[in-house]
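Chain lettering (A, B, C, D, E and F) follows the sequence in which the chains are written, and residue indices restart at 1 in each chain.
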Amino acid sequence: MLHIVFLLSLILSTSHATVQDFCVADLKGAEGPSGFPCKTVAYVTSDDFVYPGLSEPGNTTNIISAAVSPAFVAQFPGVNGLGLSAARLDIAPGGVIPLHTHPGANELLLVSQGHITAGFISSANTVYQKTLKRGELMVFPQGLLHFQVAAGKSKAVAFAIFSSASPGLQILDFALFASNFSTPLITKTTFLDSTLVKKLKAVLGGSG
Amino acid sequence: MLHIVFLLSLILSTSHATVQDFCVADLKGAEGPSGFPCKTVAYVTSDDFVYPGLSEPGNTTNIISAAVSPAFVAQFPGVNGLGLSAARLDIAPGGVIPLHTHPGANELLLVSQGHITAGFISSANTVYQKTLKRGELMVFPQGLLHFQVAAGKSKAVAFAIFSSASPGLQILDFALFASNFSTPLITKTTFLDSTLVKKLKAVLGGSG
Amino acid sequence: MLHIVFLLSLILSTSHATVQDFCVADLKGAEGPSGFPCKTVAYVTSDDFVYPGLSEPGNTTNIISAAVSPAFVAQFPGVNGLGLSAARLDIAPGGVIPLHTHPGANELLLVSQGHITAGFISSANTVYQKTLKRGELMVFPQGLLHFQVAAGKSKAVAFAIFSSASPGLQILDFALFASNFSTPLITKTTFLDSTLVKKLKAVLGGSG
Amino acid sequence: MLHIVFLLSLILSTSHATVQDFCVADLKGAEGPSGFPCKTVAYVTSDDFVYPGLSEPGNTTNIISAAVSPAFVAQFPGVNGLGLSAARLDIAPGGVIPLHTHPGANELLLVSQGHITAGFISSANTVYQKTLKRGELMVFPQGLLHFQVAAGKSKAVAFAIFSSASPGLQILDFALFASNFSTPLITKTTFLDSTLVKKLKAVLGGSG
Amino acid sequence: MLHIVFLLSLILSTSHATVQDFCVADLKGAEGPSGFPCKTVAYVTSDDFVYPGLSEPGNTTNIISAAVSPAFVAQFPGVNGLGLSAARLDIAPGGVIPLHTHPGANELLLVSQGHITAGFISSANTVYQKTLKRGELMVFPQGLLHFQVAAGKSKAVAFAIFSSASPGLQILDFALFASNFSTPLITKTTFLDSTLVKKLKAVLGGSG
Amino acid sequence: MLHIVFLLSLILSTSHATVQDFCVADLKGAEGPSGFPCKTVAYVTSDDFVYPGLSEPGNTTNIISAAVSPAFVAQFPGVNGLGLSAARLDIAPGGVIPLHTHPGANELLLVSQGHITAGFISSANTVYQKTLKRGELMVFPQGLLHFQVAAGKSKAVAFAIFSSASPGLQILDFALFASNFSTPLITKTTFLDSTLVKKLKAVLGGSG
């Protein structure tokens, strides 16, 4: 019995230093360059390491016939500081995840249902694309424009996993036509004509 | 037409520097601390960024009624240097992925089919565990012992994504009983009795 | 005199370990995820740490009335492994550096001559922009779309410094219209109409 | 005299930016993924960079005849953010540091007194082990199971230095038998029989 | 119109996760090992990403006939967490930036006006130096002693860019002769004679 | 028996990906920014992870009455890529490790015998120093000038552990007086007088 006491004192003397196994985000704390402050370990439970929010399909009744549901650190505090996060893609037949980048992470795409044509454009202006089926993986390097579209006649589902808890998401059309980017500057920096720009801004809600 | 020539010369003058968008592994080159040398970009194709090998189930006809199929950099050269890799877990009813660690990566588990009870043990000797269903995610911090077992009466499938292209995999039973770890040292450093150690070594093929 | 010998032996015994102060790129070696192999120290000279190539203006006689001259690791081997590189921007009156991203680096812009209006678009679709004069700095976070245009009636010059020796450069128009990105996929993933896409491909040399 | 004033103004104008030489932990602040907030520099003293707590032997009167005394960031705030920490191992004759891992750091072991047999098991299930004497070093890669046992008839002392201020410490026996890991799950995921598990839980205080 | 609503809901559902594009320093928050906490995005403006403070020359009327003006994170909060910062060097004819190191960053020097002789000393005690003219770049690896002196008869201006938001600046003469470093310890650890040390301390304001 | 075969096939299928547990340096390969290429695992032995070279005292019969024996990656290939290395300091009575920096690593000093007065100078020109006895630790942040001198009447021994496999070592006196740093530039950038510089160059072997 004495032995147990000695052993437990050993456990206690070292456990203070072992907190940093994980750092579940305290989302009320101030975010810093490496993430959120850690929730006190005493209040951490199994649920902090689990995210059930991607088990249901997103709503694809919209103009892209697709939905992106994120499980970034803001939704899934358990990934804080661990260099991983996820998103679920639901793409109805004919649907599309428009051209976009993740400024802060590489992406690994896993097709879970249906067929998806996916691709990215390199800095050397080469398109790497492939039609993927269930269980296949494709990797998209950080910061490069890429897309996913439904390839068959049935609904497709995929999961994207990112190399950061905060990968970011910059959708090209929204950056251009749903922002406050002024029409003269858009036309000057993209060579798109202003009539088109104004038309797309009207649809997507942009100003400027 | 002249304009195009000028523009293309601009493209050319900058494209030399943009190779490092990605670094598809040349698996014949010598690995270093940050990964494998890059395949020449001219020979890179879309297939380098795609891994189809996890689309088929692994063979679960074994004593653990389960299979682990890796898509690490050695199988999937496109993830080299990108801090991501994956594995597929097939777990038949009653099957188990035995207690193990990934010494080099955090893990995000996505259940794709069936139900899985998964958990990990922290440095403070607390077990965080949960029974997960299709579409649910769980995160396992780097280097901590964890497990996955089939929770229901039907087959389960899950995908593990890692925060490294070379996460490593140390299965506790294999480390102890399928290695050349000497029986006297095992008993001394684990308090397991030597009869048990010898029995398990006989099953798993250990020596020493 | 004996002392010097002893001291020099001290120098010698430690100098083998100090090579890694720097790692000038051996551009003939195979690049890896962290950069190029190091040139043998014995052959390294002062010139390896100096890049004179940005001292002259780039040629702005082209459709953008601007030029980008890179000093990435491919041009300036001394920055290999040091997390820094540079580029010179020459922008004639009316000129523009079209909307682009650096997938692999943050950027610090220093205006050296004239006036430049510069801006970037965040993931939240907010445009942050400012007209900068000589000696002013602006920072552009990694992977976000940004632009620079001449703001006044005279030529502008700026230097961009990057947080990587290989920042990459993805120019939006070239990615879309000077690549092999198929017109049907462009229109599907950007909502641009195919007539426009074909027209711009004709100008910029795109295929597909 | 005027010169000194000018010089000091130079010192002052730059000193604001130099705080980040070090970041002594303010242990009352909220820990984040990269460590604790920094103590205000004005209150930092020489003592913050010194840890005297490992100069005395740990108490080895326990069932392992050994003691581990940590100098992690929780004990030694000066190492915060510096990627270094330490621990002292005292091992009486016959003593043992049981099989364990550091989930968050590589380890360099320096034998200070006596003889120690140390080893680790790789992911490929190979044991690398050696008997070390005073002044010898051994390195243990992150996350791999390893052990240290007294090799001779006299007391041994060693210092472990880690590549993180929070290396963590997962002792296999405590993870299994001093935690709330349920006996059915232990037996299922380790192939140990339940009688043994219950016996070791009784000794080490485990539940579940 | 309905479409816009759906699209905007998509925008909203993802925007929470995209904060981490940037992390403008809240300088009133507690600094940590990776930098300052982030300013709330709602209060971030274009001005946070711009630093005008280097557009005017520093005052070179001092004993070194030179001035260093920093744009580190303490002056330019927008660089927080981005691994970049800058400084302006003004060097009058005959002026000198004395021998110094940046303990926390590599440096890229860009000459903006005049001629500068710059150099650094490697761990192997080799001096790499060069006289640079306007538009030329030189790189100085982290932590190595280096200097810049005006090379011609006219004023020189240069900008230094660093691979950290907090590069630090240790000026050799100030470290030795403007600090509380005791004269006996200086002479013992540098072989300089105490008469000289005391004379330079009198000029530079050192104590001890 | 069949089970063993199945299990071993599981082992084999995963072992290819587990190489990156460690990366023992192949010192004949070309070093890169992250270290040396890895020795083939099949040829790795326990001896690769052990360094016996610091078990004997260095020769202190020299003008500094001290010796530094490194165990950097060039001497101890097992630390390649692991962010750790070491050195042994032997300091005879009256001996001194002259003022120096490690450009590439933080340092943790462990006193093993005798008494040592050690200190470092911060960027803010503050000296943090302390006299340490056996078993005490002191930490020195990266790139800052620091020193160690024997504090008592008997020999002192200490071990320095670094946060890099290639920490570098720049000894101030050698950088100034044993290099090819020209005397005019030394006097200009340090305010030391040329008579002294020439005298010390004569002793230490400098040129220029």
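The criterion applied here is as follows: a contact is a pair of C-beta atoms (placed from the backbone, for glycine too) under 8 Å apart; a residue touches a chain by one contact, two chains touch by 3 or more.
Computed from a predicted structure; not experimentally measured.
Following the contact convention of this document, A, F is the list of chains adjacent to both chain C and chain E. Number of steps on the shortest path from chain A to chain E, with steps defined by chain touch: 1. Fitting chain C to chain D on Cα positions gives a rotation angle of 180°, stated in steps of 5. The chain pair with the larger count of C-beta pairs in contact, out of B-F and A-B, is A-B. In whole angstrom, the spacing between the mean C-alpha positions of chain C and chain F is 35. One inter-chain figure worth recording: chain E and chain F are separated by 26 Å, centre to centre, where each centre is the mean of the chain's CA atoms.
In chain A, 11, 18-19, 21, 32-34, 85, 103-104, 119, 122-123, 125, 129, 141-142, 144, 168-170, 174, 178, 203 are the positions where the chain touches two or more neighbouring chains simultaneously. Viewed as a network of touching protein chains, the structure does not reduce to a path, ring, star or complete graph. Every pair of chains meeting the touch criterion is listed here: A-B, A-C, A-D, A-E, B-C, B-D, B-F, C-E, C-F, D-E, D-F, E-F.
Touching chain B in their complex are the following residues of chain F: 3-4, 6-8, 10-11, 13-14, 16-21, 23, 26, 29, 32-38, 80-81. On chain A, the positions that touch chain E within their shared complex are 30-34, 59, 61-64, 67-70, 72-75, 85, 103-104, 164, 166-170, 174, 178, 203-205. Interface of chain E with chain F (complex): residues 96-99, 101-104, 117, 119, 121-123, 125-127, 129, 141-145, 147, 149, 168-170, 172-176, 178-182, 185, 188-193, 196, 200, 203, 208. If you check the complex, the residues on chain F that touch chain D are 11, 15, 18-19, 21-22, 41, 44-52, 54-56, 71, 76, 78-79, 82-86, 88, 106-108, 110, 112, 119-120, 122-125, 128-130, 132-142, 144, 159, 161, 163.
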